[in-house]
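Okay, so here's the structure we're looking at.
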């Protein structure tokens, strides 16, 4: 980075680094809207005639979408600490806050977990005893795919994530007050362990919650695939927060166009990374052409899903890759925000593509259910975000590397 | 001229987040950087130890070429390859050397994009290593074809047979990926060398030295207009090199993973191979760096902090490789596929279990030492671990290739692979070639990118903005 | 302080080729660069041992065109790779590989990517050299001993004599006033900067000499030769063995190919039954089958007929263009093609079975012999099936078994 001797940068107006007082009210409003929307979604889902299944299918997509942002936030924070990153300090709190929403997501996971534990939700085929009895393969997998062990694992994953989310946010907020440099060092030492925990839990969570929708199918890269989507999601979300908050008059001197540029570069990189992982999985299965593997893509190659797959290739890879290539785009907040929104939509499309064809592709499209679920879970997620965000500054005020972050310039 | 760096070691290892630890010995000036780096190329006579090492390496390399000649004249029956183990040491060595070659581009391209400025002290070194490793790698698929004089058949050119190469084959992808990688690495390396060759040219006293360095420096004079274009080109090569380095080992992994052989066909292979390649490449960089910084007096530029950072990368990639090993086992069970399950149980308990456990020990267990700072900063210890990583990564490829092939779907065709003396001689010989190239590089070219190190010295860019 | 540095070697007078000023700090360099930029100089440059951030701005440099070059090359790589792979593997030489479609985009991605990177990298590297006018044989700054000695650590500004505002008397003072710690006028012999004549001649002769071997090879390849080509690699083209019709000194008659020993019959070749193996009985084509005609035999006959006979004679033996080989030959308008006979022609229907058998065994006109592919018993089976086919054209309702007659009505 730049010269280490200069520790005093421009003195920022840290009073602007907090949410305005109305935010808390907004948060409660979001929460109320979220509950209403979810109730509506459940009612609509049941009314559509598919029972809980119609609701849960959409709910799982929505939950995974918002959880992937929070999970991405945990990854982002842990990576920044591990690598002693300086540039990202003034945007790191945004990621920490995304990670801190985990308790809300843990509660919101109950509608997915309880039906499984009660023995039959229609979503996961391996839950139904008659399906297991009819399949040798499911009997073979039953030591892993059974309701008790599934529930226990879910509790472990969520507990780890809630714990890490709290840990990163609380430690960082405490540093705002006491300016203890030791916290930075402690984070740096702990974060590699956090990354290992996150890697393992994310992998197996994606196996459990998404891959086991088609319990006979398997792919070793699936965890990495889910991670790459989560990375795209958190970077898009951070760009939107960074641009949106500045538009609202918050963090104006904390986040500069240089941060936009760097986040844009990372977004570009992870968009390409997603493409790389998705292509790797597809190429190997397509080329190997083994029926037990190709069934997955067979479900996604015909009818509406064929077009959907094509749209993902173009919309999730080709267009954003071309769009984000130029330095000028990444340094224009509005253009960058456009691509962030675009990629979030594509991330949703990706998750829907993973989940819907497995969970009954032939079902009539329940667009209103899906919309109500997405915005319902999203409102509650945002309510959680606003709740924690209104209790602290939106950038780490006393991080020892804050001056470096405020001062750095992209030379390329 | 040499500033003793031991006194600054605590400073390099400083954890204090309020200051960035100095990247080189504090107080170093630009001309001292030149003096340190140019010392070895400017020695009138190389040290006796260099001659000794060079003689041994060159002799081993000569043996390598003699064995290649023997192989070409006699045929690939001189190897232990059999039915069904059609690939054994040849492809193992190829993948091993290609993997070694990944650290250079990672350091010069990916760390450049991530603004990891500590890379400036080690990128030249690692890039050179990359090029020599890729040369060693390219030899093996070349000679394993048998009739090597027909290698040009792989090139798409109109011919009297009216035939074209089969572009849907991963082996053709390999030809393109590896040759592109070699070419781009060479260009990247040479572009970085131009300013430093100009320095050696300007410092040179002998007639020949001045002309030779001058020839390759292309008349570089370090003007701002030149630097401007140069920096753009460097950035583009880095930006191209980053996805390239990922693609190359991914393509190498498809040599195996698009097949249906149990143990080969699994979707994690492309990223897993890339992680393994970076792991082994850094292992080799540390293996070479620890003695080289000592022997050639580069401790002021390549500090303990550099070694510390590299060992962290080794630890991280070791964990990724371990993740892939574990996941492969889990999925083999989870898939419910009897063949997959057998292959993995066979790896761990079958006739090649010794190779498998060597791999696990060297790749997953041993690098865990790097969780401790004393292990990351003790040269002799990290050297041993890094050599372990080299051994482990060679065995990883051996395990993947040989265990899967020797126990395929058809038990009646099962056969063990036993290397012949030619197999072993070629493995050793490729190291001879590698070290010969490397020793020549150390003797005649700047081992550290002087122009880049000068940029990161404190105050290099002034303090004013215009 | 002004120094003169060039030596007069040949009596030609050194002329001023530029002015050089040295600065001791990057900041001073940037300030001076900004001043020269504002003063409107054109052929001037800043020299530093490493790229200094901010100096491009101080000099007022325009962004490089390199990015466009690289982009163009990358797109060319993509286009080239796709065109190459699709043309060669899907159009010009279509071949089925493990059931993959000819137009296999996923399989074409890796090489497309690699060629994109390769061409873009060439553009980045080559562009850097071309835009920097490298390799460059000389430059006025190298006339300064001081520049050569300390160019790798010092900071310099040079103004070349070709600049319209160049003035060897005034500029050193200007540079000093801008903070230069040392200035000098650079002198050189006129014309020294361009490539020297000996270099041009040397390069040209190297090119000419290098072109000789490939030209010789090309000439040799193009010229007709009666001798076999030069075999550097033998490729098992010449083997130590006797070929047919060659001389061997080993035997008295000098022939390498040995005649059969009289009276010897190869294993399994004692085909003495004229009826079974030749289709002849007492020197005439046999009227009857040598074995009883059964249903399994008839089925074998149909199967083999469809394999061996139908490509030319068609599935029902109509001949003409009903067989695919025949249809193809007609479509390609092959002039030498003889139409296969219809097996329902009277001339064929009237033949005794022995003659049909003989035709299959020995061939007739352009039809080759099938005795090597089809065993004698199977040939008889085919004959039986041909008889059935022929019969089908002249069948009456009485030929159909009683119980299924009603199905036909």
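The letters A, B and C name the chains in turn, as written, and every chain counts its residues from 1.
Here, a residue touches a chain if its C-beta (ideal position, glycine included) is under 8 Å from a C-beta of that chain, and two chains touch if they have at least 3 such contacts.
Not measured: the values here are computed from a predicted model.
Visitor: Comparing the two chain pairs, does B-C have more C-beta contacts than A-C, or is it the other way round?
Guide: B-C
Visitor: So which chain is the furthest away from chain A, centre to centre on CA atoms?
Guide: C
Visitor: Measuring from the mean C-alpha position of chain A to the mean C-alpha position of chain B, what distance in angstrom results?
Guide: 35
Visitor: Between chain A and chain C, what is the separation of their C-alpha centroids in Å?
Guide: 46
Visitor: Please report how many Å separate the Cα centroid of chain B from that of chain C, as a whole number.
Guide: 31
Visitor: Can you list the residues of chain C that touch 2 or more other chains?
Guide: 53, 100, 107, in rising order.
Visitor: Specify, in ascending order, the residues of chain B that touch 2 or more different other chains.
Guide: Residues 170, 231, 243, 254, 459, 463 of chain B touch two or more partner chains.
Visitor: Spell out, as numbers or ranges, the residues of chain A touching 2 or more other chains.
Guide: Within chain A, residues 283, 287 contact more than one other chain.
Visitor: Using the touch definition up top, name the residues of chain C that touch chain A in the complex.
Guide: 53, 98-100, 106-107, 109
Visitor: Under the stated contact criterion, what part of chain B meets chain A in this complex?
Guide: Going through chain B, the ones touching chain A are 15-22, 113-115, 117, 170, 231, 235, 243, 246, 250, 254, 257-260, 265-271, 315-316, 319, 323-324, 327-328, 331, 334-337, 458-459, 463.
Visitor: For chain A, which residues count as touching chain B in their complex?
Guide: 1, 3-5, 7, 83-84, 86-87, 136-137, 140-141, 144, 181, 184-185, 188, 192, 196, 199-200, 203, 207, 216, 218-224, 265, 272, 276-277, 280-281, 283-285, 287-288, 290, 292, 399-401, 404, 412
Visitor: For the complex, give me every residue of chain A touching chain C.
Guide: The touching residues are 279, 282-283, 286-287, 289, 411.
Visitor: Give the list of chain B residues in touch with chain C in this complex.
Guide: 29-31, 34, 147, 149, 156, 162-170, 172-173, 176-177, 180, 183-184, 187-188, 190-191, 194-195, 198-199, 202-203, 218-233, 236-237, 240-241, 243-244, 247, 251, 254, 450-452, 454-455, 459-466
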